[in-house]
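The letters A, B, C and D name the chains in turn, as written, and every chain counts its residues from 1.
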Amino acid sequence: MKQKRVVMGVIGVDAHVVGNKLMENALRQSGFKVTNIGNFVIQQDFIKAAIETNAEAILVGTLCGHGELDCQGFREACIEAGRGDIHMVVGGNLVVGKQDFRGVEERFMDMGFNRVYPPGVSPSRVIEDLKTDLGVSQE
Amino acid sequence: MKQKRVVMGVIGVDAHVVGNKLMENALRQSGFKVTNIGNFVIQQDFIKAAIETNAEAILVGTLCGHGELDCQGFREACIEAGRGDIHMVVGGNLVVGKQDFRGVEERFMDMGFNRVYPPGVSPSRVIEDLKTDLGVSQE
Amino acid sequence: MTVRNMRWSDEEFKKEREKVLSLWPTGKEVELEEAIAYHKNLPDHKNYAKEVRRAKAAGITLCQPRGGVALIDDHIKLLKTLQDEGGADLLPTTTDTYTRNTKFQEAQRGIEESEKAGRSMLNGLPVVNHGVKAVRSVVEAVDRPIMTLAGTPYPRLTSEITLAAGFTGFLGAGISYPASYIKAMTIDEGIRHYQYLDRLVSTYAENGVLIHREQPGFLTGTLIPPGIGIAIAVMEMLLAAGQGVRHYSVGLAQNLDLLQDVAALRVLEEVCHYYLRKFEIQDMFISIATHQWMQAFPPDEARAFSVIVMGGIIAALAGATQVITKTTHEAIGIPTRQANAEGLKATRMAIHLTRGRRLVEDEEMEIEMEMIRREACQIVDKALELGDGDIAVGAVRAMEAGTLDVPWAPNQHVKGAVVPVRDAAGAVRYLHTGDLPFDREVAQYNQEKLKQREAKERRVCDFDTAMGDILEICQVC
Amino acid sequence: MTVRNMRWSDEEFKKEREKVLSLWPTGKEVELEEAIAYHKNLPDHKNYAKEVRRAKAAGITLCQPRGGVALIDDHIKLLKTLQDEGGADLLPTTTDTYTRNTKFQEAQRGIEESEKAGRSMLNGLPVVNHGVKAVRSVVEAVDRPIMTLAGTPYPRLTSEITLAAGFTGFLGAGISYPASYIKAMTIDEGIRHYQYLDRLVSTYAENGVLIHREQPGFLTGTLIPPGIGIAIAVMEMLLAAGQGVRHYSVGLAQNLDLLQDVAALRVLEEVCHYYLRKFEIQDMFISIATHQWMQAFPPDEARAFSVIVMGGIIAALAGATQVITKTTHEAIGIPTRQANAEGLKATRMAIHLTRGRRLVEDEEMEIEMEMIRREACQIVDKALELGDGDIAVGAVRAMEAGTLDVPWAPNQHVKGAVVPVRDAAGAVRYLHTGDLPFDREVAQYNQEKLKQREAKERRVCDFDTAMGDILEICQVC
């Protein structure tokens, strides 16, 4: 396959690194070209990295619960930067507390994310979806 | 106080003796005259003992879950035996499984019990109610 | 008294069987040969005995829930949940109390009312009323071995039906169950009923079908001192062996004192082997089962989880082969299948978390073990003495004499002079030893332990203390 | 680098305080004298230090939950539930991550959005934004001591506000938190920030107000080898002592291996006292805290209960004075107050069930303790060497050199060359020891342990094994 480029990182003042490293590892092993901008990054960092690497997707991790605040306006910022088309994925412990996931998914979809995952989602599920969404032929 | 006479026992093929002994102990210490006919007794045993001792109340314990079957027709049997007026109390693990207690209470009230207690009720609560119901003055 | 610890002759057994199978119409469904053929076609992983043996060899602790509901379809759903969600290693079929007391008419009414009400009105599965074919559909529906949990002094028809259906384990024994589950039956009769069952199991074995027998050491479940529990386990093992049973587990209920519970389980195994050697029974497989807290549970579910998890940890730290699990609904009523599966999951996780570590035997534990050993052996030896070497005779006479006793038993043939109470450290001791045949050392040790508690709490240990100890766990915090 | 382990002069401290208190408008609310007077009027049972000291003397394990929500009223409800339903001995106030990173603007937005949404949009209580008076209303509303759980490398204004409000405990320290909670701060700066806090606590003490300081030994919570956890605890204790703090607890996260966890907690206390003696610090109170599993939790609640209960048992068997509890919601999100109370109840019950028994120190544990002791001391001694006897300097240089390292840390000033992995028995070892200054004996012991696992599993231990171990508990069964 032609390697697809993605940018990933953990948004906000969020110190959780383990899931991020695990996911990076899995993505690389599945043939993605990954730019991992790590933790403590803001929306602009993601967008800058996406433009620089000409990435097809932004993968936002958010664990600490502030995802709902930290992700507000993300799609709009992409549009402003001229990358309104970019595929956007978010995963982790997206919101504060145990909430019905369907409601959470809806809120993040409304913010313009294309895929929204519940806590503890397996990397393989994320990767499969990503392949489908980016049109990577699965052999 | 004039000692009130009560008959108590555990109905049906029910081997649980601990609560019965505990309750007997508590009733005696509170000044009741108790006839404890023990475990493995049927409705007729209760009624016979109540008539023999001229008791004012029958206290039915049922732990194993068959209370709903074992207690059917108990009030009618009392009426038939000429003691339709007797005060009837039931306590223990009355039904099979964890059920909403209000529904359980209603079903046993419908069967003609005057007081219905949930699992693990404290003897002191039962005794207080009994004193009220039998008109024992509480000093 | 007629009972003896001797294997029933074929003739005697056959005569009795006819009577037993005619107790209820479904008895006619039992065909031994067909059943044997059926068992022989069962895969190994559906045979209780084989699974237990494998686990024991591997040093693994298997999780074994309880459970039964009135109707076959619901019962299958229950077992599947226990298997698939709970991860049960072994599956149960608890019978209802009407069946346990041969009140098959009432059980029938229970089935009908359950159908009407759309919920189980019975506290177990009435296997006799359902009959062999229906019960076999349970065996077919799951992928684990099934044991009958019949908690009854009348196991005969129940065992015929469930074994013919393809169950491969049976819990119960002739002293424990008459003592704890009924008011009027003599121990004599109880032993005879279980001799029947053991003789039946032995008949299966002669025909190449291994059935696992399990002894229910929990008795009344209420602060049973380990010496008593072990003594009865030994006696019942010898009784089973007497009928030809060779695959047996013995059990004890947890008293929720880490040290004493582990000590007791280790002594249990040891003392069983001691008497097997003594009676020159060589080919007996013995495994150790531990029952999670059998007494009044905390109604609060979080606390109940603690009791359950501690139970898993005790099982693992003792190296028991089987742990029988409880649920967070215990204080209230028969658990839903979800709650039942949760008890399993918590227990399995607890076993995982102990990572195969065992509790160390330090001096304190050695002393505890020695005292438990003495208690158990003194009770068994006295029974053997009273029975002129025959443990069946001895058990009956010992119970009469009170040299064997069960606290809080409903049976009027049990003396009930023994009153258990905890010591300062939490171990179960005796407020009254009744007529237990303990020597001076045991008695003194017990007294010392009680004094320590009295000193610690600055008040005497009396009957109220003993009552309070019964409520300890359900009222804690 | 400017940091030194020396008590800040009054002048230096005063100058810094002015800056700190002007970081956000609510800083103006802080009046030291008024605060001291307020503290002096608090009853003993609302003083963290006194409660911990009492528990330690009595050999009791106190339960200490975590928790915080955006709005004051909801936070009060939470603490009351923890106190009344959960039976918490000590109460928490967890701050949100905006506050932890001095993003008070965002915290303000979080408050507003929470009000709008009718649910907490923040993962903690933004104490700085709420200010002294509002936070004091929390102190007034409950009947237990409260500690700030600020998980931050910027504790200064937060400590000013919460101590002035009447909180009597503060969790955090200058190496752990910069290492685990931020990406870019130097250890140097982190130490300085906590020197400020410790200096403030010491100022309260000089004025007759005892504040309890607690060290957060869990670090990244992710399979921290006890040697590393203990070494950092010792360094942070010495740093606190350097500012005049004399009431301190040190902690470790549980790794869920009974033997190693208990061994580690015992060595932790021992090694702390060893260095206190070495530095001739005589009047320091030290207590031991154990944190229930800090890593990925099982999403299944029954299994999560197992992890929590095991955590209570480890705490009790080790004789720890404090256990910090988790909840069954851990894998998913900030717990509801009910779930939080349940974690407490399960833990308290578990402690009750261990009945004051302690895990026996057999030879295996002695060896484990000896190895942990060596690891910890070798790391600390190396740091002292690098710092020419000054632990502040030493800590910074050791982290640079990698002779001090924290696995899975987000901080770019942490080398991150150490990779932990479990051994065959479940204890945490090192797949890579990086630049840790271990002697041959420690290294060999570690190698041996890894080989045992490789032999048992018939495959090499590599990075994938280490990754797998991180997921072990959340994926088990």
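The rule is short, and it goes like this: a residue touches a chain if its C-beta (ideal position, glycine included) is under 8 Å from a C-beta of that chain, and two chains touch if they have at least 3 such contacts.
Since the model is a prediction, treat every value here as computed from it, not as a measurement.
Each chain gets a centre from the mean of its Cα atoms; the one farthest from the centre of chain D is B.
Between the Cα centres of chain A and chain D there is a gap of 31 Å. One inter-chain figure worth recording: chain A and chain B are separated by 64 Å, centre to centre, where each centre is the mean of the chain's CA atoms.
Inter-chain spacing, taken between the CA centroids of chain C and chain D, is 46 Å. Because contacts link the chains only in sequence, without closing, their graph is best described as a line. Contact between chains, per the stated criterion, is found for A-D, B-C, C-D.
Remark: chain A residues 12-18, 21-22, 25, 38-40, 64-66, 68-69, 93, 95-99, 119-120 touch chain D in the complex. Interface residues of chain D, counted against chain A in their complex, comprise 96-98, 100-101, 103, 106, 109-110, 113, 119-123, 180-184, 220, 222, 296, 299, 329, 331-336, 339, 408-410, 467, 470, 474.
Across the complex, chain C meets chain D through its residues 87, 256-259, 298, 300-303, 305-307, 309-310, 312-313, 341-343, 345-350, 352-357, 359-360, 362, 365, 425-426, 476-477.
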